[in-house]
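Have a look at this one before I ask anything.
To keep things simple, chains are lettered A, B, C, D, E and F as they appear, and every chain counts its residues starting from 1.
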Amino acid sequence: MSDVIAEIRKDYIYGLAKRQERADGRALDEYRPIQVETALIEKAEGSARVKIGNTQVLVGIKLQPGEPFLDSPDMGVIITNVELVPLASPTFEPGPPNENAIELARVVDRGVRESGAIDLSQLTLPDGKVWLVFIDVHVLDHDGNLMDASALGALAALLTAKTPAERYGYGPDAPLPIKEYPVAVTAVDLDGEIMLDPSLDEEMIASSRITVISGAQGALAGMQKAGTGTLSSEEISRIVKLATSKATQIRDDVLGGLING
Amino acid sequence: MEFIKNGKRIDKRLPNELRPIKFEVGALERADGSCYVEHGGNKVMAAVYGPRAVHPRHMQEANRAIIRYRYNMASFSVEERRRPGPDRRSIEISKVSREAIDPVIIKEFYPRSTIDVFVEILQADAGTRSAGINAASVALADAGVPMRGLIASCAVGKVDDTVVLDLVKEEDNFGQADMPVAMDVRTGEISLLQMDGHFTLEEFEEALQLGKEGCTTIAEMQREALVQKYQGEGHE
Amino acid sequence: MEFIKNGKRIDKRLPNELRPIKFEVGALERADGSCYVEHGGNKVMAAVYGPRAVHPRHMQEANRAIIRYRYNMASFSVEERRRPGPDRRSIEISKVSREAIDPVIIKEFYPRSTIDVFVEILQADAGTRSAGINAASVALADAGVPMRGLIASCAVGKVDDTVVLDLVKEEDNFGQADMPVAMDVRTGEISLLQMDGHFTLEEFEEALQLGKEGCTTIAEMQREALVQKYQGEGHE
Amino acid sequence: MSDVIAEIRKDYIYGLAKRQERADGRALDEYRPIQVETALIEKAEGSARVKIGNTQVLVGIKLQPGEPFLDSPDMGVIITNVELVPLASPTFEPGPPNENAIELARVVDRGVRESGAIDLSQLTLPDGKVWLVFIDVHVLDHDGNLMDASALGALAALLTAKTPAERYGYGPDAPLPIKEYPVAVTAVDLDGEIMLDPSLDEEMIASSRITVISGAQGALAGMQKAGTGTLSSEEISRIVKLATSKATQIRDDVLGGLING
Amino acid sequence: MSDVIAEIRKDYIYGLAKRQERADGRALDEYRPIQVETALIEKAEGSARVKIGNTQVLVGIKLQPGEPFLDSPDMGVIITNVELVPLASPTFEPGPPNENAIELARVVDRGVRESGAIDLSQLTLPDGKVWLVFIDVHVLDHDGNLMDASALGALAALLTAKTPAERYGYGPDAPLPIKEYPVAVTAVDLDGEIMLDPSLDEEMIASSRITVISGAQGALAGMQKAGTGTLSSEEISRIVKLATSKATQIRDDVLGGLING
Amino acid sequence: MEFIKNGKRIDKRLPNELRPIKFEVGALERADGSCYVEHGGNKVMAAVYGPRAVHPRHMQEANRAIIRYRYNMASFSVEERRRPGPDRRSIEISKVSREAIDPVIIKEFYPRSTIDVFVEILQADAGTRSAGINAASVALADAGVPMRGLIASCAVGKVDDTVVLDLVKEEDNFGQADMPVAMDVRTGEISLLQMDGHFTLEEFEEALQLGKEGCTTIAEMQREALVQKYQGEGHE
C-alpha cells in the first residue's frame, strides 16, 4: 500500500469514526466474529485455534517436567512465546522474535500469570521437579488485534490441556488447575472515538492502542498501552470500563462451554 | 517390531497405499496464495507471497525471480517441544524443498523479484517435507504464480524387507529405509530425491516407481482441490 | 509480609510519597545531551545522540526523524550478575519507553535522521524504566532536541490493599499490583501505561490519579535541574 | 567470472559433453586423481586429507565421553560438521554454516550412520557414558565435488581413529569398530550425458547433481539430489548403477590399504 | 568530524608534538586528572568509577560460587568483560562486544591474572566450588585511553570488593586476597615523541599505541601494542621505562589510600 | 616442573633455538596466494584473496585497500575438540595479527578494495599466532600483493628464570612469561608486541632482542621458500 493510498484510507477511516461507523460495518464496540476450536493438535497437551475475523492464531500448550525457579521452588513455570511467522503477513520476516512479538508474548504471559489463571502451586511433582507450561502462540493470519486473539487462544488451550503425567511416570493425566479466566480486550482511540477489536487498518492508523485484561470478577489483571500517541485519563477510564464489560461478554459467549464443560 | 502382518501395515494400509490426504486451498487471507494440508497425522499450512520486491538488493537476479522457501516446525508440532527457529534439519529441508518446486516455476516473468514460500508444520507425523511441498505447490497455483505444472511429493521406504509407500512415524523411525521423492507431474521427472537406510538396487527401482505412482495420485488430489476452489469462479 | 504499618511503608514513606530523586544534567561529555538520575536505589545514566544520520538507509523516514531507544542494564546492576546484552524484558521496556517519549519530540524538523536515546541502568531497585524515561527526557532537552514538553514517569502499585506511589523492590516483588505510567507534563495525557497484578476499577482510578500526581512532582524536579544547568548561561 | 564468460564457458562444456568429452580430458565416468593421506593431525584421534584433483579437504575425528541420546542409551553418538572456511574459495564467507555446508554435513553424516559404518553399540562406556564421535570436515580447497571428498575423508579418518580411552581412564586405546565402508559417488547430468566427479565448472553449470552412497556389498545407503533441475527415472537408474560400481573401484583402489591394513 | 578537518587536526597535533607540546597543554608524560571513586554500586560486591580527564568508566565486581576450571580445581575464576555501550561515544554501536571491546577486556583480564593481583588459591569454597570473580567494565564516556581507565577501575573495584559469603552460607564476608597492584600505562608515539595517556584525538592519529602493565616492584606483567604502525626496539624500551615509573606514581597517588586503607 | 636441564629445554633445544620450521608456498589452488607452515607441532594454512571488491560498501576506503584477517582454529586442532567459529581469543588474535602485517602492505595501490587473509590452524602447539603471521606474510607475497617487505614473527618467553625463544605448549602453559613479537624484516621495527607473565626490565630487553633474532632467522626461511617457488619461473 503506497503512502498516498494509505493517507486516503486514513482519512476515510477517521471520517467514518466521526460518524461512529467502521469500514466493515461494525459498531464501535463490536467485535468481528470470534471462533474458537480446541484440541486440533493431538501432539500438544492442549491447543486452540482462534479466529477473530480474518485474524487467525494457533496456540499449542506443551508440558514437561523441569526445574522450578530458584526463588519459587514450589511453583510450576510458565513460558510464553509468540512466533510472528512470515506466512501470516507480508510485513513479518523470518528471524528471532522482534519487539512486537516479544511484547505480545510478555503481555499474554503476564495476563495468565498475574491473573492467577493457573494455580502454579499445584504443578509440583513428587521428585522436586515441577511442570513447565509452554504456551506457544503461532500466528497464522494477521488482520489486526493479535493481542486479543493470542490471549484468548492461550486461555482456551490451557482450558483443554492435560498434564502428560503418564508419559513421564507421574500417574494419570490431569487437566490443568485453572482458577481464573483472564480475557484481553483491545481498544484504539481515533480522535476520541473508542473502537474495540481494531482491524489491521484501524490498528495501523491509530496512534495508540490499549489492551485491558480482566478476570471473571471484573478486576483488572493487566494493561498495556502501545503506540506513540497519548490518551487522557478520561479516555483511559472509559476504555477500561468498556473493556471489562466486553470481556465478560466474550468469556460467556465464547469460552462458556469450555469453562463450564 | 513387526511392521507388516497379513499384508497390512500397522495402520491397516496396504504397502502401496497412501494415508488420507485433504487439501484446503486459500486457507489464509493475507497471503497471496495458501493451502492447508492434512496428510495422515501431518497438519501443514503453506503460504505464498509474491512476486514481490527483494529487499537486500544484492539478492536480486537481473533476468528472473528468485525463489525462497522456508520450512518451519511449530514448537508444539512434535512430542517433545522444540525450540522455535531454524535448526540444521529444517535448513536442509528448506533447501531441497526449494529445489523441488523450482523447476516448474516460470521465473523469467518476474526479474528482480522474489517468490516467497512459507511452510509451517503444525503437527508432524513423518513425511512433513512432502506434505509441505504438496501444500506449497497448490499455494503457488492459488497465488497465481505462473507454473509449467504442479509438483507432488511423497516418501517411499522399506519395512520388514518390503517396499512401502508413505511411511508413518514408527515406520520412519524404526524401518529400514526412507526415500522422499518429488515429481514434476507433467513430465514425470524427479525434482527431489533423498534416501537413507538400506536398499538393494532392485528395491530402489521398485521404490522409485512406487514413489512416482504415489506422486501421481497426490497430483490428482491437488488438481481437484484447485478446480473445486476455482470452479464457478469466472475467468479474468 | 506486612507492607504498611502505622500508615508508613517499609522505607518509612507515606503511601503517596516519592523516593528521593536527584537529577544531574549533562553528566557526560561525548553525548549531545545527558542526564544522570538517582531515584531511590536506582542509578541511571541517559545519553542522547542526534539528530544524526541513519545508517541502514531503509530505516530513514522521508519527512521526519526516527527515534531509537535502548534500555540496558549493566551486569552488576542487580543482585545476581546478569549476562550483558538485551533480553526479552529489556527489549519490551525499550519499546514502551520509546513510545513514551515519542509524543513530545518534534520529529518533523529532522527528516531522514535519527535521535538515539541510550539508557544505562547502573543500579536497579524497582522503577528503572520510569527512572530511565525521566533521565531520557532531561537528556533530550539537554541535547537541544526540539520538544513540545517533558515526559515524566513513575510507578503506582498496590500493597496491603493500599494504592501506593513509587514502589521499592520488595513492594514490587511481593505486592499486589504494579503500574508504571508516563505523562506528557504539558497536557496531562498518558504516554505509557502498563499494569499487572490485581486492581479493582476503583483502585485503578485512584492509582491513575496518584501516578499523575507523582509525574507532576517529578516534572518539577526535571525542570529545576534544567534551569539550574542553563541559568547563567546566555541564550544563543 | 562475469556472466558473459560464464555463458561461453557453459556452451563450451556442454559442447564437449555432446562429444563425450570433458574440459580436463577425462572420460565421463573418470575421477580426477584421488589422494588420501591419514594421521596428519596428531592431536586428533583420527584424521585424513583427501585430494580429488585440486579439491582438498581435511577431516579430523575427535572422541570424547559424553551422554547418549535419551532414546538410544546404549549407542555411541556421531556428530558431523562441515566448515566451508573462506580460505577454500572466493565464494565462501565467514560465519555459521550455510545451507550448503549443512547439507554436506548431513549427507556425510547419514552416509556414515545409515550404512552402519560404525558399530555404535560398541561405543558404550562402563559408567553409562558413550563415546561421542565428532567428524569435522575442514574444506581447504574447493574445486568441485566436495561431497565425495568429504565422505571419503570421513571414512578414511574413521578407519585410522583410535579411542583415547587411556586419557580418560577407560583402559587401552582401541580402533573404532568399523563394519561398513560407505563410498559416495557424485554425478551430474548435462543434457543426458552423465559425468562422475564433477569439477567446479561442471558442477556450476549442471542443473542437477546426485550423490549416491553405497556400501561394500553394493547396496545403497544414501542418496541426495541437489540443484534446481529434474531427472528422469531412467537417468537416475543409470546413475545409481554407475555410482555403485565406481564406488567399489574407489574403495578397492584408494581405501584398500586402510581397510585391509 | 570530516576528513579535511581531521587532516588539519592531525597536522596541528603533530606540529605541537614536534615542540613537545599537546593540545590540552599537558607535558608529554603527564596524565589528565585522575579521579577514582569506589563503592558507588551497593548491589555489586565491589565497584569503582574512574575518570581520566573526560574519559569515564564504571567497573562492577560480582562474586558468585561456581565450578572451577577442570585443569585448576583449586583456583578461583576471573571473568572480565568490557561493554562499549553506545551511550559512551557516537562511534559505539549496540551489539555483542566487537574486537576493540574484546581486546580491552582481555588485556585488563591478563593484567589482573598474570600479575597475580588476586590470590586465586584462596578463593576455593568448602563444597568444591570456587568464587567466580566477574569484572565488568561499563564504559560511560570515551575520550581516549580506555585501557588505563579500565585497568585502574578493575583494580580499585577489586580492592574494595568483599565476598558475599554470608548470602551464600559460607560464613562472614571477607575482602578479596589482593597480592599485587598492576597499573596500566598507555603511550603513543608521534614521530618519535612519546606521549602518555593519549586523549581521543591523539589516540586516533597515532599509528601505534602501547599499553604496559607493571606491578608494585616495577616488573612487567603485561604489554599490548595496538594499531597499524611499527615501533623500533629503542622506542619500546623508552616507553617501557617511562611506563613503569609512571605506574608507580599513579599507584601511590591514586590508589595509595585504597591499598594502605 | 623443571624446564631446563644441562642447558637444554624439554625438547632438547637451546634457549635461543627455534623449533624446526617448514614453508610450502602456493599450497592451495583457489586462493590468490597461499602458504602452508609447519612450525614445531603447529600446522597452519594461510590463504590470501584480493585485492578484490568489498561487499558492504560502507566498509570501503576511498584511497586505499582495507585489510581483513581471520585467524581460525579447526575443531580438531587441539586436545579437547573446540566448537567451530570465532571465540574471544581468536577475535583478539585476528586483530593483532592484522595490525602486525598491515604496515608492510602498500594499500594505496588498491582503493575501495579489500585484501583478505585467512589463517587456519590445523594443529596447535603454542605460537599459532606467530606461525599464522609467518604463513600469511608469505601468502601475501605469493598472491602478488605489493609489500614493502616481509613480516616475521615468533614468541619469546621465560622458564626457570631463563629467557627462551619459541615456546612449546608446556613452556607456554606453565612457564613464567610469554611474549609474541612480529617484526618488519626490512627495518627491524616491531609491528606486534604482546606480553603476559613476569619480566624484569632487564629480562624484557633480553627477550626483545632474542625475539628480533628469531624473526630474522624466520625471515630468511620465508625468503628462501619464496625464491625456491619462483626461481626458474620467468617474470611477466
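Note that contacts are C-beta pairs under 8 Å (C-beta built on N, C-alpha and C of every residue); 3 or more make two chains touch, one makes a residue touch a chain.
As the structure is a computational prediction, the values presented were derived from the model and not from experiment.
*Asks:* Which chains sit in contact with both members of the pair chain A and chain D?
*Replies:* Touching chain A as well as chain D, we find B.
*Asks:* Give me the step distance from chain B to chain F, shortest route via touching chains only.
*Replies:* 2
*Asks:* Counting contact pairs by residue number and requiring over half to coincide, which of D-F, E-F or A-C is equivalent to A-B?
*Replies:* D-F
*Asks:* Taking the mean of the C-alpha atoms as each chain's centre, how many Å separate chain B from chain D?
*Replies:* For chain B versus chain D, the centre distance works out to 27 Å.
*Asks:* Whole-Å distance, chain C centre to chain E centre, using C-alpha means?
*Replies:* 32
*Asks:* Which integer distance in Å separates the CA centroid of chain B from that of chain C?
*Replies:* Chain centres of chain B and chain C, defined by C-alpha means, are spaced 51 Å apart.
*Asks:* Two-or-more-chain contact residues of chain B, please, as numbers and ranges.
*Replies:* In chain B, no residue touches two or more other chains.
*Asks:* Pull out every residue in chain E that's touching 2 or more other chains.
*Replies:* 97
*Asks:* Building nodes from the protein chains and edges from chain pairs that touch, which of line, ring, star, complete or other describes the result?
*Replies:* ring
*Asks:* From the touch relation defined up front, give the order of chains around the ring, starting at chain C and going on to chain E.
*Replies:* Result for the ring walk from chain C toward chain E: C, E, F, D, B, A.
*Asks:* Sort out for me which residues of chain A touch chain C in the complex.
*Replies:* 97, 99-100, 102-103, 105-106, 110, 113-115, 210, 215, 218-233, 236-237, 240-241, 244
*Asks:* Considering the complex alone, what residue numbers of chain A touch chain B?
*Replies:* 40-44, 47, 54, 56, 58, 60-62, 64, 81, 83, 85-90, 94, 96-97, 134, 136, 138, 140-143
*Asks:* Could you please specify the touching residues of chain C with respect to chain E in the complex?
*Replies:* 28-31, 34, 41, 43, 45-47, 49, 52, 70, 72, 74-81, 84-86, 116, 118-120, 122-125
*Asks:* Which bits of chain F are touching chain E when the two form their complex?
*Replies:* Residues 88-89, 91-92, 94-96, 99, 102-103, 179, 184, 187-201, 204-205, 208-209, 212 of chain F touch chain E in their complex.
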